[in-house]
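Take a look at the structures listed below.
Common to both upcoming complexes is chain A, partnered first by chain B, then by chain C.
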Partner chain A sequence: MSWPLYEVFVRGKRGLNHVHVGSLHAADDESALHSARDLYTRRNEGVSIWVVRSAHITASSPDEKDPFFAPSGDKVYRHPTFYSIPDDVPHI
Partner chain B sequence: MGPDDDTLAADGHWAFGTGFSDPLSGLPMPPAGADLAALCLALGDDALIMSHRLQEWCTRAPELEDEVALANIALDLLGQARLLLARTGRDEDELAFRRGAGEFRNVRLAEVPNGDFAHLVVRLLVFSTWRLALLTRLRDSDDEALAAIAAKGVKEVAYHRGYAARWTIRLGDGTAHSHERTRQALAAVWPLVDQLFAADGNPRSPDPADLREEFDAVVGHVLAEATLTIPETAAETAAERASRDEHTGALAVLLEEMQSVARALPGATW
Partner chain C sequence: MSTFEEVIAADRRIEPRDAMPDAYRATMVRQIAQHAHSEIIGMQPEGYWITRAPSLRRKAILLAKVQDEAGHGLYLYAAAETLGVDRAELAERLIDGRQKYSSIFNYPTLGYADVGVIGWLVDGAAICNQVPLCRSSYGPYARAMIRVCKEESFHQRQGYELLMTMMRGTAAQRELVQESVDRWWWPSLMMFGPPDGDSPNTARSMAWKIKRHTNDELRQRFVDMTVPQAGRLGVTLPDPELRWNAERGHHDFGTPDWDELKRVIQGDGPCNAERVEHRRRAHEDGAWVREAATAHAAKAARAAEAAEAARAARAAEAGRSTKEEVA
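After this line comes the complex of A and B, so read on.
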């Protein structure tokens, strides 16, 4: 098996954004899109698919976890939690 | 949309599909006359037997991605078979699991044993191109149920045809080895083509000459892209002119497996 790996993103019917659903192997971009349709939208999930070669994704590394993410861990003021919400406002 | 549909739609986790539809919902379903029943039986048997041959590829496909693609196609055809067999007015399970080979009305193209992957691809190209031409015309049937079944099938079979066409081109216009294997597959499948366009005397069947015209144009285009040529076949053999109730020995073997559980455990449910 020498086909390259692709990552698959699907946008659901009510979803606003594409969500990563998994990966697959394919010979080229077009086959990747068709295989993604067959593998990841079998249960009426999607209305739009993106595929991208895994090699083209730049990901954060676990080694950089602390400088990348720890600094936001104590900045509680970045969350809008200091407002009082009236009782008659639903869905918040 | 009934109340149940609303409940289903409210279960909105995106990972599970919602809004499934029933193609026959609300359609009139008068008892099928003899011609309509015969047509639905033939189309249903084609789908059922072809579906079974595709299911036999499970665990045998060259790549996992294609295995799932083939299973999807098999399930689409099984769904068509269920609707069509039910439209005959007889019990779909009785028809699928309680008939002998001589009572099936599928074409030979659907029943011949599987070969290699190239054989599968070429057979699926021929089957889907023919069936898409057929279903496209049956969308205008005056039987609303058959028209709805055909309209649902058109979307499915268009995808099947695309899948088979892409692979035919990839293999035919691939390496010398893949080209040769595909050429052999085409030579094996082609003698089964003429039976698809034999007149059956059913006034509800679309005009075979009209179907053949579309079939030749589409398949010719795909084969040209795939650098393949239509094989020379000997003029009119018995196999080409076989009617839909004359089968090869392969169908009995297929049915023995397909019907084994239903015959061993009559009336079982799960």
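After this line comes the complex of A and C, so read on.
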């Protein structure tokens, strides 16, 4: 048996993003979806499920974590706290 | 960049693609696989009672519980796979006896009261063990344990409720509960593993923050939790040395038969051979389902490929006739 590995994402309720919950093996997309329902939503934990073959995911590598995320490291001006506003200015 | 040691020291989580010492990886694979195997084998003692449970309500509850055990096993196999091991290989190792599972499942379920006692004591002990594992240093394991713990509380409560119902019944029913507690109490204490002095891996697992408490600490916690529950239920725990020690603020209790634990772990428990044989049979009997699903997927993939080829041919044909018209 060499069923491919699928990653499972569940939307907990309307208004939330799908969140990764785990993985499973399945023969095809359809059976992956059914198994994901049985495995990850036995107690109404979800209103929507995505399954995707693990092999189809492209991920950043932890080895190059520092250079990969470096461009955002020195841009403190992207954060609201970078700007000093006097305390007596309301609603800002 | 944070090294493995820095992440551990800062009490953050190690994630699958991080660098980690080989021994950490090997320890995690062994622990998660054993844990997964325990959930899978753990379906058997109670599964036996699904068709024998006294009412539709009790059957439905038990069925849901056994399904949960299967689910817990699968969450854990998924976590183990993030460390680079193959799930099919782990299933083989369980059947071959190369990897172990919790000693508790090598004891037989002789009566229906055992279903209640397993929920109360065995799942209670498992909860004691597993709650700290929700903060284990390996991220996928900790996350799987959070899911497991959420569901485990139903298991313990249904067991205790079952026992309360029996204790409100006839004298014979109360006797069955007591007899079951007498059989399961000591094996439940053994679930926490050998005493700290005899547990060579504990120090390293604590340093790596895989484990958060020693075996003896967790065993004490379990005894302290369980004694008042036993009192409320109206059963006696079969330990003459069990008493409250006001000075320590804990219960004193007797010593489990560690030789028995060793024997059961080494394969000489009452049901070891039966449990593994049952698992092997279930795995082999399910082969045709796996083969059929594989064949169905292959057929559907071929049909999709053929449809795609036909569509491409039509598109090419249409393209040619358009050109001809223009010419």
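One rule holds for everything that comes next: the second predicted complex is superposed on the first by the 78 of 92 C-alpha atoms of A that agree within 3 Å, B and C clash if a C-alpha of one lies under 4 Å from a C-alpha of the other, contacts with A are read in each partner's own complex, and residues count from 1 in each chain.
In this section, a contact is a pair of C-beta atoms (placed from the backbone, for glycine too) under 8 Å apart; a residue touches a chain by one contact, two chains touch by 3 or more.
Everything numeric in this text was worked out from a predicted model, so none of it was measured.
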item	value
First (chain B), second (chain C), both or neither touched by A:L5	second
First, second, both or neither for A:D66, with chain B first and chain C second	second
First (chain B), second (chain C), both or neither touched by A:R42	both
Touching partner for A:V19 - first (chain B), second (chain C), both, neither	first
Touching partner for A:V51 - first (chain B), second (chain C), both, neither	neither
Touching partner for A:S31 - first (chain B), second (chain C), both, neither	both
Touching both chain B and chain C, residues of chain A	1, 3, 21, 24-27, 31, 38-39, 42-43
Chain C residues within the chain A interface of the complex	1, 15, 17-19, 64, 67-68, 71, 74-75, 78-79, 81-82, 87-88, 143-144, 147, 151, 290, 293-294, 296-297, 300-301
Complex contacts: residues of chain A adjacent to chain B	1, 3, 12-15, 19, 21, 24-27, 30-31, 34-35, 38-39, 42-45
Contacting residues of chain B [partner chain A, same complex]	12, 14-20, 63-66, 68-69, 72, 162-163, 166, 170
Residue ranges of chain A in contact with chain C within the complex	1-3, 5, 21-28, 31, 38-39, 42-43, 59, 61-63, 65-66
